[in-house]
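Before anything else, here is the set of structures, which you'll find just below.
Shared between the two complexes below is chain A, which pairs with chain B and chain C, respectively.
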Partner chain A sequence: MKKLLEVKNLTKTFPVNGGFLKKSKKLTAVDGISFDVMEGETLCLVGESGCGKSTLGRCILQIIKPTSGEVIFDGVDLCKLDEKKMRPYRQYLQMIFQDPYASLNPRMTIRELIGAPVHAFKLAATSDELDEKIREVCKVVGISEDWLNKYPHEFSGGQRQRIVIARALIMNPRFIVCDEPVSALDVSIRSQVLNLMKDLQEQFKFSYLFVSHDLSVVNYIGDRIAVMYLGEFVELATKRELFNNPSHPYTQALLSAIPVADVNYKRERTYLEGEVPSPVNPPSGCRFRTRCRYASDVCKSKRPELKLVGEDHFAACHMCGKITK
Partner chain B sequence: MKKSNKKNSSYFHDAVERFMHHKLAVVGLAVVTVEILLLVILPVIMNLEPNAVTPAVNMAPDKTHLLGTDTYGRDTFARLIYGGRTSLKIGFFSVLVQAAIGIPLGIIAGYYRKAAEVIIMRLADMFQSIPSMCLNIVLVSVLSPSAETLILVIGVMGWPSFVRLLYAKVLSVREKEYVEAARTTGTGNLGIMLKYILPNSISPALVAFTFGIPSAILTESALSFLGLGIQIPEASWGNMLNAAQSVAIISTKPWLWIPAGMCIFITLISVNLFGDGLRDALDPKTKIG
Partner chain C sequence: MGERVLEVNNLTTVFHTKTGTFPAVSQMNFTLDAGETLAIVGESGCGKSVTSLSIMHLLPDRMGEITPESSIKFKGTEISKYSNKQMSNLRGNEISMVFQDSLTSLNPTMTVMAQMVEPFMVHQKISRKDAEKAAIEMLRKVGIPNPEARVKQYPHQFSGGMRQRVMIAMALSCNPSVLICDEPTTALDVTIQAQILKMIYDLKKELDTAVILITHDMGVVAETADRVLVMYGGQGVELADCHTLFTNPLHPYTQGLLASIPKIDDDTRLSTIEGMVPSLKDMPKGCHFCDRCQYCTDRCRKENPPMYRAGEREVRCFRYEEGN
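Let's turn to the complex of A and B:
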């Protein structure tokens, strides 16, 4: 598979105001993350709330300008482009948002909403051409044509998410960041939308960066999975590797928390103690060490880097291989 | 172009439907419409001479003078009609000037933040910190009083309230996900401001617009009282009221102040009701019924 997108050492810090006469601090939301996205794959990003997964997605699309690092797409570092030069790339890089109630302008009709990107990039010469494009994309995502003159508030969450998907799709994107696209939806609608997203990917061969905190969703849609903790990747592996053979203690704890629909199932639950440390003042060395039951001295002093621990399987842990599951 | 007309008509159609369900607003609109029609038509079909001085001074209402005459023998009804034209004109256009300055500046300040925000908002602070009546007086006397001057002065002095309203609203709207979505779909800053920010932050300004009209009419009458507004013999509701200030007139000649007062009152109420309905009608989320 070919590389579609390359992320190198991406870092985003936000200033946190300490208040009057106090020094402002830095919150590191994304801390030096590097990875590749292959063509046609779904890379999932899992982690707790506040670990920086959404920020990472937005940094890649340059909606939030990263503090440092590179995002290489088509041989160009997107981080170095200003908004004007970034524009031509925007049509290939789309986004599906978490809350379909907030991501559709309530004052625009569905036709205007779906047509907005075409309009912005002047991809249709005439209004008939625009209409044709809109109709085409509506057919693909299962939007009826009588929706087009209505407003977003007339639709349910699942229907709205279809509209959001149609808006992303009309540009023929090559890469779509999905920021928890199904977590605002009912469980019954969730699978519908996920299936739709999967089908569309098969049909159009684009790549997803799928941000989620729901491991069962990730298990369904993902090809590769990255586990994030406090702004860092702690583990990156193919889906099968990660679920069968988790190497990082944090991943192990996460996986043991997946509910199983079987009353007789006896789980060996790994509990995590304590709270996520503040990203303003993260622990030295390994960021997970404060909650890790395998933590030793080396974890305190040295920051672990992502190491190859298996086929297509990377983990950032000093104790990898030394710990028994 | 054909398409966009169709779209507008559907949005317009929905808005009209929502508006028609707001009974009081319909009444407000009807009253304002009738009022404007009367002010436009009556001078044409009736022989009204608002400035003609006759020997019949201080006459109570009768057949020739529907609302009596004032201390100079001028027909009160004619003055009421012509005064209404002046007052409404000043009220509407001065708020239009306020909005035309305030709305774009408010959006720019709220959307771009940074330097634009500092410059515009501090400028608004400066304007608001000066007692506007004092500055109004100075400006009007420098520029020589007339309806146009009043519109300009009230308009230019009043924009900070629109800036504040828009700015506050834009600050919240700009953080909405759909603005972010617009950016990912390649919409430029101008497009975002016009299509995403403006329609979603305009409703408080619409209501402010309707509140602004009566307040501008009142400012006009206050300036008229000081001799800096509409100059006698030209009539306005404000200077009619202010000409009827003495206790003797208030107690014995009600026809000199009740009609003008009622007109201001009715205009104020109906314009406000209309604005209320308009705000709801322009919001597609408003449920009909």
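Let's turn to the complex of A and C:
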């Protein structure tokens, strides 16, 4: 497989206001993350709220300018481009958001909404050509043509998410960041949208960066999975490896905490103590050590690096290999 | 199982709107025994929350109304026609409720202590000093570290998981017979969710409280419930004990729902339920699920099936009519 996108040492810090006469503090939302995205693959980011997964997705698309690091797409570092030079690349890098209610302008018809990006990039010379494009994309995502003259409020969440997908798809994207695209949907509708997203990827061979907090969804759609904790990757592995052989204590706890809809599923559950520390003032050394039951002195002083622990399997933990599940 | 604490019969709640009156919940029947957990599951808009609000008499005045033929019996006493004043004696005392969003459920302008002492002083009529002691004890029980100091803080100084713990502590402070939890962990992260669910389970065992757990997450149901009531379109469609429901679902909707959940150890293609939930205003005349059901017949379109008994379980589908 070919590399589509390369992320190197990406960091994003936000200033947090300290108040009058107080120095502002730094919140490191994404802290020196590196990874590759292959063509046609789905890389999933999982983690709890506030771990920086959405910020990472947005930094890659330059919706939020990263503080430092590189995002290499087609041999070009997107972080060094200004808004104007970035624009041609935007066509190939699309995004789907969580809330389909907020991401569709209520005053535009579905035809206008789906056609808007084509307009903006002047990809259709005539209105007939635009119509043709819209009709084509609607057929692919399963939008009937009599939807086109209606407004977003006439549709349910699942239908709206289809419209959002159509709008991203009409640009022939090569990379789509999906930020919790099915979290707001009901179970029976969620499976329809997930199947659609999978089918589209097979047909058009683009890559997804799929941000989610739901590990069972990730297992269904993902090829590789990255687990994030407080702005860092703690584990990155193929789906099979991660689920069968989780190496990082956080991944293990996360996997054991998911409620499984199967009454015959038996397991030993590990409960994590406490809560996620504030990212403004993260623990020294390993960031997970305050909640980790294997933590030792070395975890306090040295920050663990991602290292190879199996085939295509990276984990950032000093105790890896020393702990038994 | 313990004594019967709650018995709901033929509960129908209608909403009056500009466009007319329509039932949000119709013909609900279920019972609840002391010490058991009944999970009510369903998708958004299926009437799970309206059911619990009807029991608590917390529906907005003039908009929502429980119809006269409904019956809600709490420990054998009919409470569906109780006045507001009579209900006040029950609410928070005998039946309490925990809501999804703990930030809006707590008063941001009052310290946690000021809110925690209320149920003690109102229902148990004890002095403020004793109530404060009891409140701290309650917070300790739900696992809040250093409760003496935390109790003087305001809700915004607590994290989401901690606030939900405070809510549960308040709800359990008068040792109620019934605890209704409306999506108690939906807004929380999975690791915190696991903590909270375990705590509810432990406290339920300790206090022998009956719990109604309202959720949309089948995973949570599988791990916590004794019995499950599946709702669709304002009606209960299947009622069974948890193990039977998951291993052998009878109603086509339950079957479809369980099949459309992604599995943690299996990534074969998901099956889906075609179409979408009809709006409560234009619910089909017959079976509410008929438009999406693969077994739909003419009869399903014309008549709404009653709950049929199949052994220990109940299912609302003509396919399980006596003799079939």
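In the analysis below, the second predicted complex is superposed on the first by the 323 of 325 C-alpha atoms of A that agree within 3 Å, B and C clash if a C-alpha of one lies under 4 Å from a C-alpha of the other, contacts with A are read in each partner's own complex, and residues count from 1 in each chain.
Note that a contact is a pair of C-beta atoms (placed from the backbone, for glycine too) under 8 Å apart; a residue touches a chain by one contact, two chains touch by 3 or more.
Note that the structure is a prediction, hence the values are computed from the model and not measured.
For the composite obtained by overlaying on chain A, chain B and chain C can both be accommodated side by side without a clash. In the superposition on chain A, contact of A:Ser183 is made with neither chain B nor chain C. Of the two partner chains placed around the shared chain by superposition, chain B is the only one that A:His153 touches, whereas chain C remains out of contact. In the superposition on chain A, A:Ala120 makes contact with chain B only, not with chain C. Applying the stated contact rule after C-alpha superposition, one finds that A:Ser34 touches neither chain B nor chain C. Of the two partner chains, neither chain B nor chain C is touched by A:Thr290. Once the two complexes are laid on top of each other via chain A, the angle at chain A between chain B and chain C, using C-alpha centres, comes to 80°, given in steps of 10.
With both structures placed on the common chain, the touch criterion links A:Asn245 to neither chain B nor chain C. By the touch criterion stated above, A:Asp99 is placed in contact with chain B alone, chain C being left untouched. Contact with chain B, but none with chain C, is seen for A:Gln91 once the two complexes are overlaid on the shared chain. For the pair chain B and chain C, the model built by superposing on chain A gives 8 Å as the shortest CA-CA distance. In the three-chain superposition model, chain A touches chain B and chain C at no common residue.
Residue ranges on chain B touching chain A, taken from their complex, read 1-4, 7, 10-11, 14, 176-178, 180-188, 191, 195-196, 199-200, 284-285.
The touching residues of chain C, counted against chain A in their complex, run 43-44, 159, 161-162, 189-195, 197-198, 216-223, 242-243, 246-247, 256-258, 260-265, 267, 269-273, 276-277. Against chain C, the residues of chain A that register as touching in their complex are 48-49, 156, 158-159, 186-192, 194-195, 198, 213, 215-217, 219-220, 239, 243, 253-265, 269, 271-272, 275-276. Of all residues in chain A, those touching chain B in their complex are 58, 61, 63, 87, 90-91, 93-95, 97-99, 102-109, 111-112, 116-117, 120-121, 127, 130-131, 149, 151, 153, 164, 167, 171.
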